[in-house]
């Protein structure tokens, strides 16, 4: 195990591994980690993936990232432009394979909250809004939720507000779609009969006990749970090169 | 009166006069007369109209016409492209002011038939199809129907098949929309309480009697019926220049 | 990106007998005529053709006996008149053709492109065409859930295959259409399979120099075939105009019962004994 | 074609207090910031703002007290964090904000652009956001008339005015957007009035040399204003990048209760005593 690897890079690599070759993948706003994960996947195991940028470029020759995930420079040498409404049409056709979504809260059933903390009528905290979550969570074959601060304030028994639909808030037809949650401590999925969140991989330097302690509900553990695969030096170099300004660290402050 | 004017040119000028300045106007397929009418209107009384070509060009600098009304050369020096689906959206928004439509049969209530002659199950004559008629007839503020062979086989008591909706086949809301029928003999509208077709203008060289004789129903006559305004020599020259090949005559053979 | 370059023969094999098929272009412009001729050579049967305003592409397949059903907004030869094989066979009842309105076809393609089972449209009410479509099951009256307004729901049209002739593409299937698009982009998004024949192949490098010129991105394209003059005798903007004389000769042949001869000379390219 | 060239001041007068307003662009890119600053200078009140993913444009108007209601898919400052004025005033209950999903906003704009009272979408079911929208009356469950599938009907969103910053236009209102379009073309078609501020005016002759580059045709544009740097501190593709330092300074000012000073220096451009 390699504890010296920066958490962001470990997360980015784990997110990249969720993309299969020939997948069509979209990232949204405020998404340095997804942008880097998609870039790593293309340069490693998924050379034939279709990369749709939130900045609307298709398969750009991305050379660096910026504070905005919609920065038009992210479209460098793209092969085409593809608008978000077109990507959403693709999703309604079931042809958007993977989407990356953020969350302020996630619960045991995979529900996410990006709307508000506290009460709807007068929220304690007004969150920025659900963006694509309520639309894409149920209908997308694979949604990867990333969380940079794994704590029991984020991983809660039940979210204050269901923005993105977990397994207990979606129709049978959509229960087949996959949710993967990747945090700064672990890679989690719902591959068990109860569709309850379980640890699939624990990051190097972290124990299952530590992860469970920092989770606000009884987090399950997959029978075949194992350590999160560490990125190779080439991958680390690629990430460092594309994110020379350390934008990816902003979510960890 | 000037009997020497070719019927097509008289019809084209009458069709042009149905366009007001600042109107947004569309023509469809197989439409040499509408193309010429729109071109005349722009060069005379409607310089600010929006000209949407069936070939998808907006406000082209049209220099000549061709056997196809979708010929891309009709888009010469256009300011933009605007697809038919976009023009149809405009129509649904009520922002397409004038449309020109053809017809194989027209009846006293303004219904048109472009579908079939005889019985639906085994038609005597299979017509080419209704194109935009069933969609645009009711919802467009002004539809101009042109007929190049005024006879009682075309102007019938009741059409064999209602392709385009006359006043007796449309909702109250759409009864406000105007139908104008322009033939090689007369300009007709429905500006009377019964919404029955009436002669508004008779072409030079033709009498009301002659027109009524060639109509398969009791054609009304507007109280203020008058002779169809004749185009100036400039207009005739413009038409002759744009249609140097005489494409406009094809419908008259 | 995956390479999708193939041969005309291979691409045409993607069309199965009985498929619901649509073509790019409109009337005499950018119809994939060489692909259509290959379909005739491969003796496809029982095709179900759908398009807004086709012309010779549909009539040729009908005349060659490849077609069971046709749905169009209008099928004619512009100022040259009726589509001869379409008219003959539909009047003889040899092909089924009932509906005839552009907007429900465009809206049906758009619904499929958007991943929706249906899309509402205005108009149509009061036309006998709506009555037919209600029987056929392609359109039905609905009330808007907010305004109560009567609308016509148009059922999505998802062709088994859309075949488009374009000006340029790279070997990965990034497509450039120049000039009018017609419903080609919508059709590509709506169809299960998409084949694009092109006047010329360009490099991926050139595609990347002008991403705004890419009309259809690679991930919705299944096959690209380099097919110069692939629209002939229809036009291909920036490459060639419609060969109206050829189209008139086609009509003459059909009118004089020499259509088989036309097929021999122009499709099978057999020498005549 | 009618000339629509006017001044920023005149164009901003087209916005009435209480209007439903949307802006072009997304987050820090091609937002019509100079127009937004003019709205603040004209002291607009009770504006009802709607957009998919706005940022500083909305937050500035909120901070300046011009806004009564906000509907967005997400309103934040990307990796810089929360939108300070939006967060403050919404938590104090000084502005109404409830819904927060992109697709219903995009679909609402598309419905209006298509002239439809509503448009069906997938997803949404099971989210508390749908419950809120059903109460608000912007979304409702329907069954597809053909498949019986449960869909969400999204009510059309027809802004009183859409304001877009583009790269180029002619004096008649033929607009060229370069790079990503976002929902700008859809918004222009959906809105009752359309104002476009542009980096530079070009001649109608130049527009005609490249009709395929025209993104919005003149007949849906009501006013064009030549506004160089009109998106600053947001980016304008091919002209300038986002001024991230300015945006950070904005956040600092808001965090340190110096927002009025920010307005003085950057919007009113008053000398401070």
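Note that the chains are named A, B, C and D in the order they appear, and that numbering of residues resets to 1 at the start of each chain.
Keep this in mind: contacts are C-beta pairs under 8 Å (C-beta built on N, C-alpha and C of every residue); 3 or more make two chains touch, one makes a residue touch a chain.
What you see is a predicted model; the values in this text were computed from it and never measured.
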Touching chain A and also chain D, the following chains: C
Of B-C and B-D, pair with higher C-beta contact tally: B-C
Interchain centroid distance [CA atoms averaged], chain A/chain C, Å: 41
Distance from the mean Cα position of chain C to that of chain B, given in whole angstrom: 28
Multi-partner residues of chain D (at least 2 other chains): 115-116, 121-122, 179, 212
Junction residues of chain A, two or more chains touched: 57, 75, 81, 91-92
Graph class of chain-chain contacts, one of line, ring, star, complete, other: other
Chain pairs that touch, as defined at the top of this document: A-C, A-D, B-C, B-D, C-D
Chain C partner contacts - residues on chain A that touch it in the complex: 22, 24, 48, 50, 57-59, 61, 75, 77-82, 86, 89-95
Of chain D, residues touching chain B in the complex: 1-2, 112-116, 170, 172, 174, 189, 204, 207-209, 211-212, 214, 216-220
In the complex, chain D residues that touch chain A: 26-29, 52-53, 72-76, 78-80, 82-83, 86-87, 90-91, 93, 97-98, 100-104, 106, 110, 121-130, 132, 150, 179-183, 186, 235, 237, 241-242, 244
Sites on chain D touched by chain C in the complex: 115-122, 137, 140, 142, 144-147, 149, 151, 153, 155, 178-179, 212-213
Contact set on chain B toward chain C in their complex: 29-30, 32, 55-57, 66-73, 75, 81, 83-85, 88, 91-92, 114-115, 120, 122-126, 128-139, 161-165, 169-171, 247, 250-251
